[in-house]
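The following pair of complexes shares a single chain, chain A, combined with chain B in the former and chain C in the latter.
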Partner chain A sequence: MTGTGEAVGFWILGTLMVVAALGLVFVRKAVHAALCMAFVMINLGVLYVMEQAEFLGIVQIFVYTGAVMMLFLFVLMLVGIDSSDSIVETIKGQRVAGYVLGLGLAVVMFLALGSITLPATKGLEAVNNPADGGGNISGVAFLVFGKYVWAFELTSALLITAAIGAMVLAHRQRLTEKLSQREWSQRRVRENTYVAGLPAPGVYARHNAVDTPALLPDGTPSELSVSRVLVSRDQVATPITFHAAEQAIEAEIEDGSAR
Partner chain B sequence: MIPALGAQYLGAQLPGVDLVPATFNYAALSPILVVLGVATVGVLVEAFVPLRSRYAAQVGLTLAGLVAAFLLLVLLAVNHQTATAGLKVLGGAVLGSVIIDGPALFLQGTILVFAILGVLTMAERLGGVGADAFTPMGSATPGSGQEALALRAGSMTSEVFPLTLFAVAGMMLFPSAGDLLTMFISLEVLSLPLYLLTGLARRRRLISQEASLKYFLLGAFSSAFFLFGTALLYGYSGSVYLPDIAAAIPQGGSELNGLLVPGVFLVAVGLLFKVGAVPFHSWIPDVYQGAPTPVTGFMAAATKLAAFGAILRVVYVGIESARWQWSPAIAVVAILTMVVGAVLSVTQTDVKRLLAYSSIAHAGFILVGVLAFDRTGVSGVMFYLVSYGLTTIAAFAIVGLVRADGAEATHLSQWAGLGRRHPWTAGTFAFLLLAFAGIPLTSGFTAKFAVFEPALRSGATGTIMVVVGLLASAVTVFVYVRIIVLMYFTDSQNDAVAVVTPSVMTTIAITFGAAMTLVLGVWPTELLQLSASASQFLR
Partner chain C sequence: MSLSHYIYLATILFSIGAVTVLLRRNAIIVFMGVELMLNATNLAFVTFARVHGTLDGQVIALFVMVVAAAEVVVGLAIIMAIFRARRSASVDSANLMKL
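For the complex of A and B:
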């Protein structure tokens, strides 16, 4: 039977989880979606712990919140934090049709699944009885290494494929010899271009990040000083804002010296 | 809660319980294990064998592994038809994750044959260093200097061969999975390598990468449906094992009945996506067009076979007794599939897209056989899958040989007048098209007869489906005859299009496919008998 504390915990966490899961679907920004997902995963772990499945709960938090969420955040980092879904319809009326069909499916599922009545629960004592299954840790072990061992082992094929896939699609084998620092410097001198190296970015009083271009003596920003990846992504900070601030400071200094 | 636990009381370290290990019949599993093992060795070859000898090592290893698996299957596994890789239940039977029975062995053997033919076409070099259909470096930006450099340095993506083997292992397991969980994992094992292979075409890389991404996203989406359905069926019956689900159904009228039909439909979505049945077909044309042509041929033949094998097992072992609740909807899907596939193939101007729509129509024809609910239906479906697969691999292999300026000439207008300049190639292709259309004396006719005849006997719905199927076939005949007319009776000033001379490997694949198309049309008795004797599922 469900205890009172368990029921109260379930209804509070369950409601929050459903809200967060809906948020995962409906929010526009990828970061918010990731946070919603982390919230759902952590609460799922809490629910497991409440059901006396401490091992499963901790593993849930470790694996999903720890590992899988980190991967999501890495991907977010790569695609840029500002990215959001394009909401332009390529097929006319697609969104309306999607809403109608989705709503219809939801109604059908709700009616079908709402018509069931669950059988009486066994209760945690019966499930975790050491004489009958040995608690949830050995219960998981029996399933993974006994009943479902084939499925468990088969997953290794999936992991190998994923590893090869990542290598094939993302790993670039070096085809030309890597130039050492000495060779680079020799080449610069030989070709007589940027003999002293490219200008360093962000030489301002207010800002020293790599996305801020250096200013040339005449005050124009030098694109050479920032990574060309940032330039092509349009993620280079304009020095104009710093310009204004700097002029204000200069004006103050002039005022001060005039006084 | 956990069956067979506590049955043995050996007083081990844990209080009162000991782990009951799963039983494995290694003889029955040997073909699958060999394919998986050789795939893993292929990964090591990729890591340790120098670039010069890698192509020969990979192709040799892959073909040797597939042939060895096939020999093990016909010599060893056939004598060990059993459920395996699971726990013994009361009474000594095994509740198996893998079920090696007649249909499983028949389909596994066919997949191995398809895989051998597929690898032969994939390994075609046409005088280059690596396989001609695959890009020298998958990670290089299309059209970049890096790509040209990789080409000059003689790199190649020989990883495609171990990847193919992983896909083959997944395909072999998919129709033999005894529970929905194993079925789900083998679905992923077969899909993941195919997503990768799709994105590795040498030419028209952007289209290839787009196809790969589409296939991956839609495939992941449909897998989620399959998993959701599995969860509902688990809730319904308390087990993911198909025999347990079958046993739970006749008790009917239980308070959990609301879980059954949604569960069945969601599982069906996942399976019908893989065969390309109509509301779930949208990936087929793009993926078939974008993937390297030999991969398209292999995928079209083997994925369809594996997925239909899984459908047969789920339907006939798991959910047959509830068929009045779900089969009308699947019949509608079958009719839609035949009609949409046939009608849309009329408007196509690209050979690969046309064959893709034709494969959708064929999926509809096969579904008609599945819905016969009869042993002859099972054998008819299996016969159809064999004959369609052999014809498809040969047809796509020929598409890969018709070239203009080194790239494949897939636009239909480029095929004009091909029959005059290359009578042998065009003649073979025309023959294969007639087999797709189901003209007598080709395997297509025997196959259509084998699936339509049980459907006719099954009742009114079956008759309606057969009538629609015949009308759809008539439409497709028009499409195929149009290509034949184009090849033989249209003049073309376009001399740039020519058939390149393939190596002996591709020639073997095309010859075998075309010869079997003829043999199964003229003298199908042997294979029909084999498929009939292998049509009994182990429950």
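For the complex of A and C:
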């Protein structure tokens, strides 16, 4: 029914797609799942082109891998890249039940497909290469702006509603007025807390960056001087790494004064 | 190779998407499962268009893509709003209506 080239392409792409889609179920990190998904979508685009749906194939790659998956990755970065899935079951037996239901769904659909025979393939050669010289894109355009023009118009309403909805959902209303620098300083004095401001980070002689906590008079690092984001990521530098070097310098100075 | 192979592939992808929705706890991955199911149906649409020799199936697949894009935008905004309120993107943590 189809050419050998298409069969070879189908088996290669189909296998890769199923493996990548299974990654969606089994992979721990959300970013890896997103990459698996992007891979599946690119392969789907290629399959569409193989199935004589050139326009849809290109749109698939543009819209899905280009826009939708990037949106997914964007939200992943906002939500936190480390938010890996917990494997603790909250409902007893849910994992097993999920596998069974999924497998059952596949089996039911396979049986249903096995009991039917597709009509003889007509193929799209006739509609994709009509006598007037139009191609797949013109054919799709004739349908979108002809037979389905009402659905197309409704689509625009849907897209505008979705955009406005996303804006409303993502909007955060400021409950109080934003404080200016002057008001912050006045508030500090009035409340008598950190009147001189929080301690600034980075006062080591050898290292000067925001990941370096300020040292209190007794030598302990001040937690107030570093961002709590860095603390929770475990990216704060400690003075311990510099102790050896410091002792070497001190020993050298002592040596010099002894001479 | 007959065209029904494409339908079988769409079936497998749809089932994997359904299992993802059922099993994963991270709302974003659940959402990707929904996307996978939509894509699987698109593949079936395109294949049926080829079987019947008309472009209608391709046009419907195009509309499915548009609806999926709109759905992704709103869904991700909802996930963001939930994350902002509860500091978690897990579907288990949104249990405000639980007694």
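Keep this in mind: the second predicted complex is superposed on the first by the 159 of 259 C-alpha atoms of A that agree within 3 Å, B and C clash if a C-alpha of one lies under 4 Å from a C-alpha of the other, contacts with A are read in each partner's own complex, and residues count from 1 in each chain.
Quick note on the criterion: a residue touches a chain if its C-beta (ideal position, glycine included) is under 8 Å from a C-beta of that chain, and two chains touch if they have at least 3 such contacts.
All values derive from a computational prediction rather than experimental measurement.
J.: Go through the superposed model and pick first if A:A170 touches only chain B, second if only chain C, both, or neither.
T.: Touch status of A:A170: both partners.
J.: One more residue to check, A:F145. First (chain B), second (chain C), both or neither?
T.: Only chain B is touched by A:F145; chain C is not.
J.: Have a look and say if chain B or chain C is in touch with more residues of chain A.
T.: So, of the two partners, C touches more residues of chain A.
J.: Contact-wise, after the overlay, does A:L22 reach chain B, chain C, both or neither (first, second, both, neither)?
T.: In the superposition, A:L22 touches chain C alone.
J.: Which holds for A:G102: it touches chain B only (first), chain C only (second), both, or neither?
T.: In the superposed model, A:G102 contacts chain C only, not chain B.
J.: State whether A:V75 touches chain B only (first), chain C only (second), both chains, or neither.
T.: Second partner only, chain C.
J.: Check the residue A:G66 against both partner chains and state whether it touches chain B (first), chain C (second), both, or neither.
T.: In the superposition, A:G66 contacts neither chain B nor chain C.
J.: Can you pull the chain A residues that chain B and chain C both touch?
T.: Residues 109, 113, 118-119, 122, 126-127, 139, 143, 147-148, 151, 155, 158, 161-162, 165, 169-170, 172 of chain A touch both chain B and chain C.
J.: Help me check something: in the complex, which residues belonging to chain A touch chain C?
T.: Its residues touching chain C are 1-2, 6-7, 10-11, 14, 17-18, 21-22, 24-25, 30, 33-34, 37, 40-41, 44, 47-48, 51-53, 55-56, 59-60, 63-64, 67-68, 71-72, 75-76, 78-80, 83-86, 90, 94-95, 97-99, 101-103, 105-106, 109-110, 113, 118-119, 121-124, 126-127, 136, 139-140, 143-144, 147-148, 151-152, 155, 158-159, 161-163, 165-166, 169-170, 172.
J.: If we count contacts the way the header does, which residues on chain A are in touch with chain B in the complex?
T.: Touch residues, chain A against chain B: 108-109, 112-119, 122, 126-127, 130-134, 138-139, 141-143, 145-151, 154-155, 157-158, 160-162, 164-165, 167-173, 175-176.
J.: Of all residues in chain B, which touch chain A in the complex?
T.: 1-2, 5-6, 14-17, 19-22, 24, 36, 39-40, 43, 46, 85-87, 97-98, 137-140, 146, 149-150, 153, 155, 157, 159, 162-163, 166, 169-170, 173, 179, 181-182, 185-186, 188-189, 192-193, 195-196, 199-200, 232, 255-259, 261-262
J.: Quick check: in the complex, which residue numbers of chain C touch chain A?
T.: My answer: residues 1-9, 11-20, 22-26, 28-29, 31-33, 35-36, 39, 42-43, 46-47, 49-56, 58-59, 61-63, 65-74, 76-81, 83-84, 88-90, 92.
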